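Report on the following structure.
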């Protein structure tokens, strides 16, 4: 007689997206950080890192493929915010594409909806306050941001939340990250954060996001 | 026989709100600017300026009274954004109160909805791009802003748009304004804009908002 | 018999210099402010406003002509500091030309002395702390600055102080001023100060500089 | 018979100073970076790291002891510039103590000379342009600064250059450094640079300062 072996439990997956370089810079920290943790199991789930093109529309197609392929329980999008000095979990995605510069395919939508007929905005379902608190406790600079802009980052963030709105068990959100020191060396005056520091920040972010399903109540707003 | 006299046409009304001082400052430019144009007829409508308390909830009660009293066809809320150097028409109001400091009544809501069950956000129905273009053409510094913060300004802006959502013929929005020079003289390093300049900016804003019912297509987004 | 008539007392002169436009901008507030007070007698002395070319060397030649012509008892140089939001009396001029961009004649000296063999620096002989205090008391934003940069402004400031070092009775210095609102309207994000406000600031500066010969002791330094 | 052994050549010494913490912060990156390279021989000389008290006067006494003890051929002072995002070699030290806050002993000099009767300023004798160029080439953010402020950093910098003016063979200068990430985690919004990055920057700075005795000609000035 043969014992039926229990199927090994498939560990849950966390999808982390980063962007290809844009705006004539040869590197994008959002992807460098994401791929550094591809395959990492630290938070009780396996990280899958996926690079998105910095192109309106195409980025969402690639996101959809990754969602279908990996069936993640948690999705964290990363994007570069040149000029910010901290990791900034985004609070809200808005239904607006308004490109200040062309994307990598030369597209420059102005004041168009990300999703025609979609709601004006979605709030992140990541515990943004708990993430900021955990990052700071680990000595990592962080603040909640109330705007993800109107470029491809917000585009992907909104599209992601629009999809997750129909998948109640899957949480997700977006974090803007600073430039790398090597970028600041080419753009005098730009704040930066070392890659090691940013990878550590992603670990803390993912662990917190997996562990905290209901955000803490902590002051973290902006007067304007 | 008695001729029926034609009823004199009542000129349409524009409601402009400003805030009382807060955060220990003796003056608030948003109210100084608003009241400077109380009764002004320049844009084909009569301006009514109303001061709101810098208090969550109470500010909206006062707004409701003003809406009922004046039945405006256009509503422009003004609020101080200390640290900004330009007039910044706000693009979007979000359904979130998250007070970094207590309001003038000591209230400090954290991550609460402005309107329970309301949509995540409302877009301004002012022609924000056209307003920025008109202001710049008049030599007045201006940019579109993508976040009104999470304090009483955003609270009033969201509550306003929630009400206007049910009054199709009435448009409205919010503009954050810089500190006055006298405030910057007490807070070294703060950018400022003279009261005269700001009053001129309000005139241009109101004229443009009355004349332009469908916004222009103009680049004015932010990368992040 | 003829009475000898007493010669009418010649009122002392204050020389105020401003610069012509540079860096492709059609206007320079330093000259607009200076010329607005040309001939003004408010502080017990008559203002003579002189425009300097934004050219290394030539600017000093023009300054020398003005010093010879007007024999001023006080000299205040004005220059634009795009990006500053306040009136900033400069504390110190350094013996260094280091041009980040070419001047209006295409000259771009790098790490050259303003005056070969001159001392490394001169301190302003204006009462910079008293001027800042008076400006703030009048509701005008102001702070002491510890660097006038290394472009034509510092060049003129250093050359002026080098000349005044041999004229014990004549005091002088330099003030950097913000952009005008019309400039900020062309350069989104730039802080600005209205021309009226700046002219008022020049009045306060000149009155204080004429009245206060020994500066007050007031905190006004920078950590770095 | 006893052979006389040749005396081992004493390698030249580089003195690097950092400061103790101040302004209520538990750590000071200037000292953390300096002590990380104490004993390092990488640039053809041995580094000696010395911590200075953040106290006017006492800091210079400690500096004098270190100069006497180590007889360095090169001296590099380091100090924290909270708010800067780059390594900033300072161009010039001015003869002025003007403390915005009390030092660690409660002293707060206002507009006093560092050295009574000393010259108004000294230029750094480090090759500041070459250092910035080397740092950037190594992917490390850096810019020349034209003001070291008027607090204890400038005080030590000026006192150092005053002493080196009489030791023709010894060069020296000062570099302001950014906050550490752990400090920025406590002060939201502050730019920072990781300790590893800063230690790497010190290595590049020392190697360049030892190798380059005459600075390169490179654009690096400021308009104001």
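First chain written, first letter: the chains are A, B, C and D, and each begins at residue 1.
Simple rule for what comes next: a residue touches a chain if its C-beta (ideal position, glycine included) is under 8 Å from a C-beta of that chain, and two chains touch if they have at least 3 such contacts.
If you're wondering where the values come from, they're calculated on a predicted model, not measured in any experiment.
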item: Common touching chains of chain B and chain A; value: none
item: Label of the chain whose CA centroid is most distant from the centroid of chain C; value: A
item: Degree value of the rotation bringing chain A onto chain D, based on Cα positions, nearest 5; value: 180
item: For chain B paired with chain C, centre-to-centre distance based on mean C-alpha positions, whole Å; value: 39
item: Whole-Å gap separating chain A and chain C, where each centre is the average of the chain's CA atoms; value: 50
item: Chain B, residues touching no fewer than two other chains; value: none
item: Contact graph of the chains (line, ring, star, complete, other); value: ring
item: All pairs of touching chains, each written as two labels joined by a dash; value: A-B, A-D, B-C, C-D
item: Chain D-facing residues of chain A, complex; value: 85-86, 135-143, 181-182, 184-186, 188-194, 196-197
item: Residue numbers on chain B that touch chain A, as the complex places them; value: 23, 79-84, 91-92, 94, 96-101, 108, 110-111, 119-123, 129, 146-151, 153, 176, 215, 217-224
